[in-house]
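In this document, chain identifiers A, B, C, D, E and F correspond to the written order of the chains, with residue numbering beginning at 1 in each.
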Amino acid sequence: MSDDSGVDKAAVKLVEEDEAAGKTEKLYEDIKHTLGIDFVPNMYRALAGNPDYLEMTWRRVQAVMGKDRKLGRKTKDIVALTVSIMSGCEYCIGVYNDAVKHAGLDDEALLELYEVIDLYTGLNRLNIGMQTRADEKPWHGCGGGSRP
Amino acid sequence: MSDDSGVDKAAVKLVEEDEAAGKTEKLYEDIKHTLGIDFVPNMYRALAGNPDYLEMTWRRVQAVMGKDRKLGRKTKDIVALTVSIMSGCEYCIGVYNDAVKHAGLDDEALLELYEVIDLYTGLNRLNIGMQTRADEKPWHGCGGGSRP
Amino acid sequence: MSDDSGVDKAAVKLVEEDEAAGKTEKLYEDIKHTLGIDFVPNMYRALAGNPDYLEMTWRRVQAVMGKDRKLGRKTKDIVALTVSIMSGCEYCIGVYNDAVKHAGLDDEALLELYEVIDLYTGLNRLNIGMQTRADEKPWHGCGGGSRP
Amino acid sequence: MSDDSGVDKAAVKLVEEDEAAGKTEKLYEDIKHTLGIDFVPNMYRALAGNPDYLEMTWRRVQAVMGKDRKLGRKTKDIVALTVSIMSGCEYCIGVYNDAVKHAGLDDEALLELYEVIDLYTGLNRLNIGMQTRADEKPWHGCGGGSRP
Amino acid sequence: MSDDSGVDKAAVKLVEEDEAAGKTEKLYEDIKHTLGIDFVPNMYRALAGNPDYLEMTWRRVQAVMGKDRKLGRKTKDIVALTVSIMSGCEYCIGVYNDAVKHAGLDDEALLELYEVIDLYTGLNRLNIGMQTRADEKPWHGCGGGSRP
Amino acid sequence: MSDDSGVDKAAVKLVEEDEAAGKTEKLYEDIKHTLGIDFVPNMYRALAGNPDYLEMTWRRVQAVMGKDRKLGRKTKDIVALTVSIMSGCEYCIGVYNDAVKHAGLDDEALLELYEVIDLYTGLNRLNIGMQTRADEKPWHGCGGGSRP
């Protein structure tokens, strides 16, 4: 990522849309249709080097993220961004910063999310350093928590 | 943490409730009252070695987590748990697994959350490994994302 | 890494090949000869600010990676890439994505490696989140494992 | 979590073998048969709270790890252990330390693996700290790398 | 970070100095004055989307870092750099590599710091992998440690 | 690590002091003498499975940590603890929490160190999430930094 080079520097060859055939071609169509975009993201084009893995990944993403279950999709997008920030994956942070804005978070809401991440990464590390022991009784979060 | 020892093995001395005086005593009262519990969690008792830091931390936790703003408290508890899992802080994971249950997540909802974390930590690392380049156009998350 | 600047933005001054003298010069020759390349990589040029540390590092790398022992060099290169991906070190990921290709991994093999990394970073975090307890009896890996 | 508590402290309820029915029961049989063990590991019993996710996970593990493809299963077990160590997942480290021993690694081989992990986590962080720039030409690993 | 774009690609809108009013304007003045620089760093301009959070963060940074207490400011800057390197935050690594140079660390001292980080990230991961048990008696660091 | 088992659960067999011979026996003597303790820590006993690696590690630890160079030993112990906390290595955190106390840090100083770690892990993650761009001009740390 540290330079000006393009797609050809990726670790594996991307399968371009006009090269896609068979299963890959069908998956590309499904990806574009489902995501409502007119291109196949680099992530999926890289995975197409193994069409079975592309398919397994795409089905799994849909199963986990594609519909509201007990958690709403917006909540899951917020978690996806949080995880990506914790992993330090720039590609994914970029995609999901956009995704949660698209889901309705404005700058104020985004900053609120970053505040929570700032707060807990700090407190987590503090407790790891202090080797804090589990409390004998349960409680419900540092700030009092929410009610159902 | 790998043994049978108790509180006395923590890195810093915990300030017990009956030792607390002045600012610390008042903060302890506020913590118990606000959190609705009858004890001061170990985390706060460890921080009490520096009452100013205890106060700053407690005020900050309340400012970030203590009320709904653009994000609801339940969403923020879910993010706090996600961050704690990503940091690998056992103390905090224990507290927040309890906290989100208290906020209404049953086992099915908890599993759904873990699925999202499983999915994205994997995809994050995949993209870090493949050195995936940013796409030229924005999109809205691997699974299609949510709408406002 | 966030800009267009060159070598002069590195945190410490790199010792150029024509500046190298004494122990550093000899190490530079050994590095180029052993690695079969006609330049000294930036990593080693940065370490040359402390020739003793350069030497200790180079000797150690050779001791660990320079020959087959119980593990073959190809396996160790694959582990080195895996570690680099887990650490999120772009410089090292770039070097080792190239190194394992040079060792014979084609795109299909590379993707298979990324799949394993994707799978286990996910499962690891899932088990950290679920606070899964150790099983009472040993087993041999989620997929059944290999036999000697 | 550093104490004497049992299964009931896990974040989600484990589905015991005698409670399993329908899809879960079949998957439990398949897991035990395929893994050649007489119990269902805690990880899979926790996932059984969502039988569809258990199935998706089990199928995926088999697809990635269950047979030799370009990489042998032993190599993939070594990578699985490496990833688990980098993630700091105690449960998974325990399982995979056993798994690679079962696959034929003796203490000498295990130590050689830990040496590679020690070496590269160190060098990764060193290069992250020094903000080392990508070299203009490719090379093949710090120690010279392997040949196909 | 993955491209050539400027400030407008940041996740949230930066509040420019000529846009700042009220509390934000005063904080900007205080930041520039205290830090002895003629611009407001991007980090603070991003936080200004929530002036209360900007204020809380700035007050906290000053409380922790702004004066010598038991630890000197130079030591704390070294710790801040170490933490930033461990977190892999390029922005912060850049700022703190500069900060510790400004505090008097030359290249030799910086390399010495990187050596300690290299050594311990490696040993940490080695012990995590080996699942090393706590010793029955205390000792004082791998190299013998320092005396008061 | 989460159970009651002893040394025999470690991943590799520890070489007990009365089993040590040749190079290992000499290194054990040197370790105890240099560290001023009457036992060989588990970490070194585990590494003794490969006496050459034990030696290389012990020499390296001494080279990096064993004497004041540009950084004092106390500062380096503080960095070693910081790194261990960031890596989440419980064994090393335990050893180095003791080590820095032995080096003169009391609870107040330890808490000050944890505060710095709390602050920067939070700010690091905040900047990673906000994808903050490098500033055009250098500055010297969020709190103003120290002077030489």
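Note that in this section contacts are C-beta pairs under 8 Å (C-beta built on N, C-alpha and C of every residue); 3 or more make two chains touch, one makes a residue touch a chain.
The structure displayed is predicted, hence computed values, not measured ones.
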If we look at chain A and chain E, which chains touch each of them?
B, C, D, F
Contact-pair count is greater, between A-F and E-F, for E-F
If you list every residue number at the chain B and chain D contact, are more than half found on both copies (same) or fewer than half (different)?
different
State the chain with the largest centre-to-centre distance from chain D, centres being mean CA positions.
E
Hey, which chain ends up farthest from chain B, C-alpha centres compared?
C
So what's the Cα centroid distance for chain A and chain B, whole Å?
20
Note: chain C sits from chain A at a C-alpha centroid distance in Å of 26
Determine the centre-to-centre distance between chain D and chain E, using the mean Cα coordinates as centres, and give it in whole Å.
33
Residues of chain D that touch at least two other chains are 1-4, 11-12, 47, 53, 60, 86-88, 90, 93-94, 97, 108, 112-113, 115, 117, 119, 121, 123-126, 128-131, 133-134
Touching residues (chain side chain A, partner chain C) in the complex
1-2, 4, 11-13, 47, 49-50, 53, 87-89
Flag every residue of chain C that touches chain D in the complex, lowest number first.
1, 6-7, 9-12, 34-37, 39, 41-43, 46-47, 57, 60-62, 64-66, 69-80, 82-84, 86-92, 94-96, 98-99, 102-106, 108-109, 112-113, 115-117, 119-121, 123-148
Touching residues (chain side chain B, partner chain E) in the complex:
2-3, 52-53, 56, 60, 63, 133-134
Chain C residues touching chain B in their complex are 81, 85-86, 88, 90, 93-94, 97, 113-115, 117-119, 121-126, 128-131
How about chain B: which of its residues touch chain D in the complex?
1-4, 88, 90, 93-94, 97, 107-108, 110-112, 115
